[in-house]
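Step one of this worksheet: look at the structure below.
All chains are identified by letter, namely A, B and C, in their written order; residue positions are counted from 1 within each chain.
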Amino acid sequence: MNKWLNPRSAFGITLIAVALLALPFVAAMGGQAWVRILNFAILYVFLALGLNIVVGFAGLLDLGYIAFYAVGAYTYALLASPHFGLHWPFWVILPIGAVVACFFGVILGSPTLKLRGDYLAIVTLGFGEIVRIFMNNLNAPINITNGAQGITLIDPVAIGDFKFSNTSQILGISLSGPQKYYYLLLALVILVIIINLRLQNSRVGRAWQAIREDEIAAKAVGIDTRNLKLLAFAMGASFGGVAGGVFSAMQGFVSPESFSLIESIMILAMVVLGGMGHIPGVILGAVLLSILPEALRYGVGPIQMAIFGKMLVDPESLRMLIFGLALVLVMRFKPAGLWPSPERKRELQDAGARNG
Amino acid sequence: MDIFFQQIINGLVQGSIYALVALGYTMVYGIMGLINFAHGEVVMIGTLVTITVAGSLIKAGMPVILAGMAGLTASVLVCMALGWGLERIAYRPLRNAPRLTPLITAIGMSIVLQNVAMIIWGRNYLTFPPLLPKVAFEFGGVNFTLVQVIIVVVSALTMGGLLFLVYRTKLGMAMRATAQNPAVASLMGVNINRVIAAAFIIGSALGALAGIMVGSYYEIAHYQMGFMLGLKAFTAAVLGGIGNLAGAMLGGVLLGLIEALGAGYIGDLTGGFLGSHYQDIFAFIVLIVVLMFKPSGLFGEKTGDRA
Amino acid sequence: MAELLLQANNVAKHFGGVKALRDVSLSIRQGEIYGLIGPNGAGKTTFFNCLTGLYIPDGGGFVFNGKPLLADAPHQAAERGIARTFQNIRLFANMTALENVMVGRHVRTNAGVLGAMLQSKATRAEEAAIRQRAMDLLHYVRIESRADDLAKNLSYGDQRRLEIARALATEPKLLCLDEPAAGMNHTETEELRELIDGIRQDGTTILLIEHDVKLVMGLCDRVAVLDYGALVIEDVPAVVQKDQRVIEAYLGA
């Protein structure tokens, strides 16, 4: 904590804080769409940090993480929309979503966490698909999820009469709906970052790392590996549940389409590409991978027009092609991720010190 | 009872296709511990190449049988080259990287191949040329077609050939040795790079065959078809015990049967509560249940044959 | 006679048709250094694995400190006070030496997720105590200067010491060392002997598997010999050394 008092760090932190606060206004100059892209970037940071607890800290390969996000999103949608005529306040539903997602995490985790790496991966993947298929089909005989059409008209986040969905004036500054959500998401994600940092340097965080390094040795020093894995799984699931709730409120609409396997894979890619287990790396990975496809969406078409004078290739597929290539290339040249934990650097320094 | 036997036939056909694709996953996994997520895309490209080659030759007036042979050859060659290229360019540089790195690369390659296919073949469903005559048989109230018979027979022959290759040839021995312990195998003079390349090439050739079967069976193809097929096939490989050849074959057939019977009977079983659109969840539910009781799959053992 | 700390009663374990342990019964007294020797494949490590819960014995069981040990519960063995090292060193390779020992404190500390999130006073105090105790233990095994190095970058001898420090962090009543002197030169073995003797002086009972017969005979109060999974003899070193069956077991192997 002492380094926070160091004037240089304090200056750096102030600078970052000011930049983060000003960002939605800068983005708004390019249109509200860019503010929404920012919001999704933060939401992905949230999800990636949740998955990082499972994959990065405890070393459990989860390919169905999106299922917990879906559970949170549908919990919110069902409790705050005309679908069942319920309109509970968001600060009641978010914790419920976290608990429900956590419950699903335990249900899935308790029988399967003894499986070794890749078997666990395919089981979690299967679970994710099961959840999605049920959401797609639970509209008959009793209409619970409204099937593929999804649930619409979901209540926005509101505190009293202050709604997050519309533009309002605060202290003479006009704030749009997306901008308000930006600040809400920013606050939430800062909370998640703090929780992640604190967990990592705690007794539990060390135990997770020990399990990841050598499960047998971890057992030998008295770590209850089964319970700790389940804890990581449940915590990751809860984070996913909260993120899903916010997503639901922000979008005003959920459908099974948002929770496909490719989303799970995307979040895993963010964690690994950024630098698994290293919080700043994971944040970087999430921001890059969520913004890159959007930036390409706006960039690919006009650039083709400028160079060739016509659309040679469908911009949508070109954008995903570049995205896929980016994944391959980063892994090729930065196998430990773009910003891996300092452990690797420390290792290099050690080697250097001994040689010099 | 007729429905039962009908679904058995359907399941057997679908299962043969799963088994062929599952072999591609399990060979690569057994030798290098990698889930080659892009394998489903290789199968898809196999189907689409056949459509282009055989379809245009038929249009040009070539006899169907010759066009079909040309399509088959082209598709197998393209897929083998693709498998070899994937290994050489994407995976080989990552042999000593952290465990999840090649997995992300595989996902990246899967996205790349899908979108390349979309650029080449477009977004729309394509019709697979009728390479085989539409002949249907009836036997004791159960209907089946020539295509179905050929799929099962060709799959069985191919798998027999693969088993021969792995258990009776020098290359096969090198593959099994590498699967057991790459370091020791290379000390014994096995060229690991060649063995791994061979696994990719053979797996991709099987994938191309599977791709043609899928095309003939469903008569349509699409750039996204590889994804779910690959997922199911991978599930089949895990079900049988990943890394185990016989396991992948039996896992594939079993999965096909479970799906077909499940889809046929789910309505009756749940009193109409769940309909046949739940077909896709059977694969995963069976998988989870099996792994709960047999954590390394039905036929997987830590010291078992892996190739 | 000192109190019994551990009793093994007819412990049996087989792998397929191979009988790795045949009804082994032995007893370890409070405060002694107890040696377990035998030719390669005699079942020493299998005995260790049964004792520390990694294997479930097929027959028999253990009584530790007056109460039976549960089979198949390695983390509970540590909690009861049994710590071990491994023949082929198992450290948390990408954690620092200090962190390795801090992990060893896990079973004697309590902070949970909530405490870590809220950074409560109790959690912070406990964390500081964990760190202090881990530093002390590194000092005790004399590798405190390597505290911030990754475990995998330590020399072989230091890795052995670190593994012992990590085991000691669990506050064991019984410390089980699996061939701690393997691969060590004469000086290192001498230093290890001093370390083990010191740990015993400080009140921890020690069970030692070792190939170095000289080290075992010089250090141990009592020695048991295993051969083909069966106990040959259990007695003071002077008697064991002269026993005809032991000589045969070693020469025969």
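Here is the rule we go by: a residue touches a chain if its C-beta (ideal position, glycine included) is under 8 Å from a C-beta of that chain, and two chains touch if they have at least 3 such contacts.
The structure displayed is predicted, hence computed values, not measured ones.
Chemist: Imagine the assembly minus subunit A, everything else where it sits, and name the touching groups.
Modeler: If we ignore subunit A, what remains breaks up, so that the groups are B | C.
Chemist: Among all chains, whose Cα centre is located farthest from the one for subunit C?
Modeler: Of all the other chains, the one whose centre lies farthest from subunit C is B.
Chemist: Which chain has its Cα centroid closest to the overall Cα centroid?
Modeler: Checking distances from each chain centre to the full centroid gives A.
Chemist: Just how far, in Å, is the C-alpha centre of subunit C from the one of subunit B?
Modeler: For subunit B versus subunit C, the centre distance works out to 49 Å.
Chemist: Approximately how many whole Å separate the CA-defined centres of subunit A and subunit C?
Modeler: 43
Chemist: How many Å are there between the centre of subunit A and the centre of subunit B, using C-alpha atoms for each centre?
Modeler: Inter-chain centre distance comes to 32 Å.
Chemist: Can you tell me which positions in subunit C touch subunit A when the two form their complex?
Modeler: Within the complex, subunit C contacts subunit A at residues 52-54, 74-79, 83-84, 86, 90-95, 99, 102-107, 109-113, 115-117, 119, 123, 126-127, 130, 149-150, 153, 166-167, 169-170.
Chemist: Going by the contact rule set out above, which residues of subunit A touch subunit B in the complex?
Modeler: 55, 61, 111-112, 114-119, 121-123, 125-127, 129-130, 133-134, 136-137, 140-141, 261, 265, 268-269, 272-273, 276, 313-314, 317-318, 320-321, 323-328, 331-332, 335-336
Chemist: In the complex, go through subunit A and note every residue touching subunit C.
Modeler: Contacts found on subunit A: 195, 198-199, 202-207, 209-210, 213-214, 216-225, 231, 235, 343, 346-347, 350-351.
Chemist: Over in the complex, which subunit B residues touch subunit A? Could you list them?
Modeler: For subunit B paired with subunit A, touching residues are 29, 33, 35, 90, 93-94, 97-105, 107-112, 114-116, 118-119, 123, 231, 234-235, 238, 242, 272-275, 277-278, 280-281, 283-285, 287-288, 291-292, 295-297.
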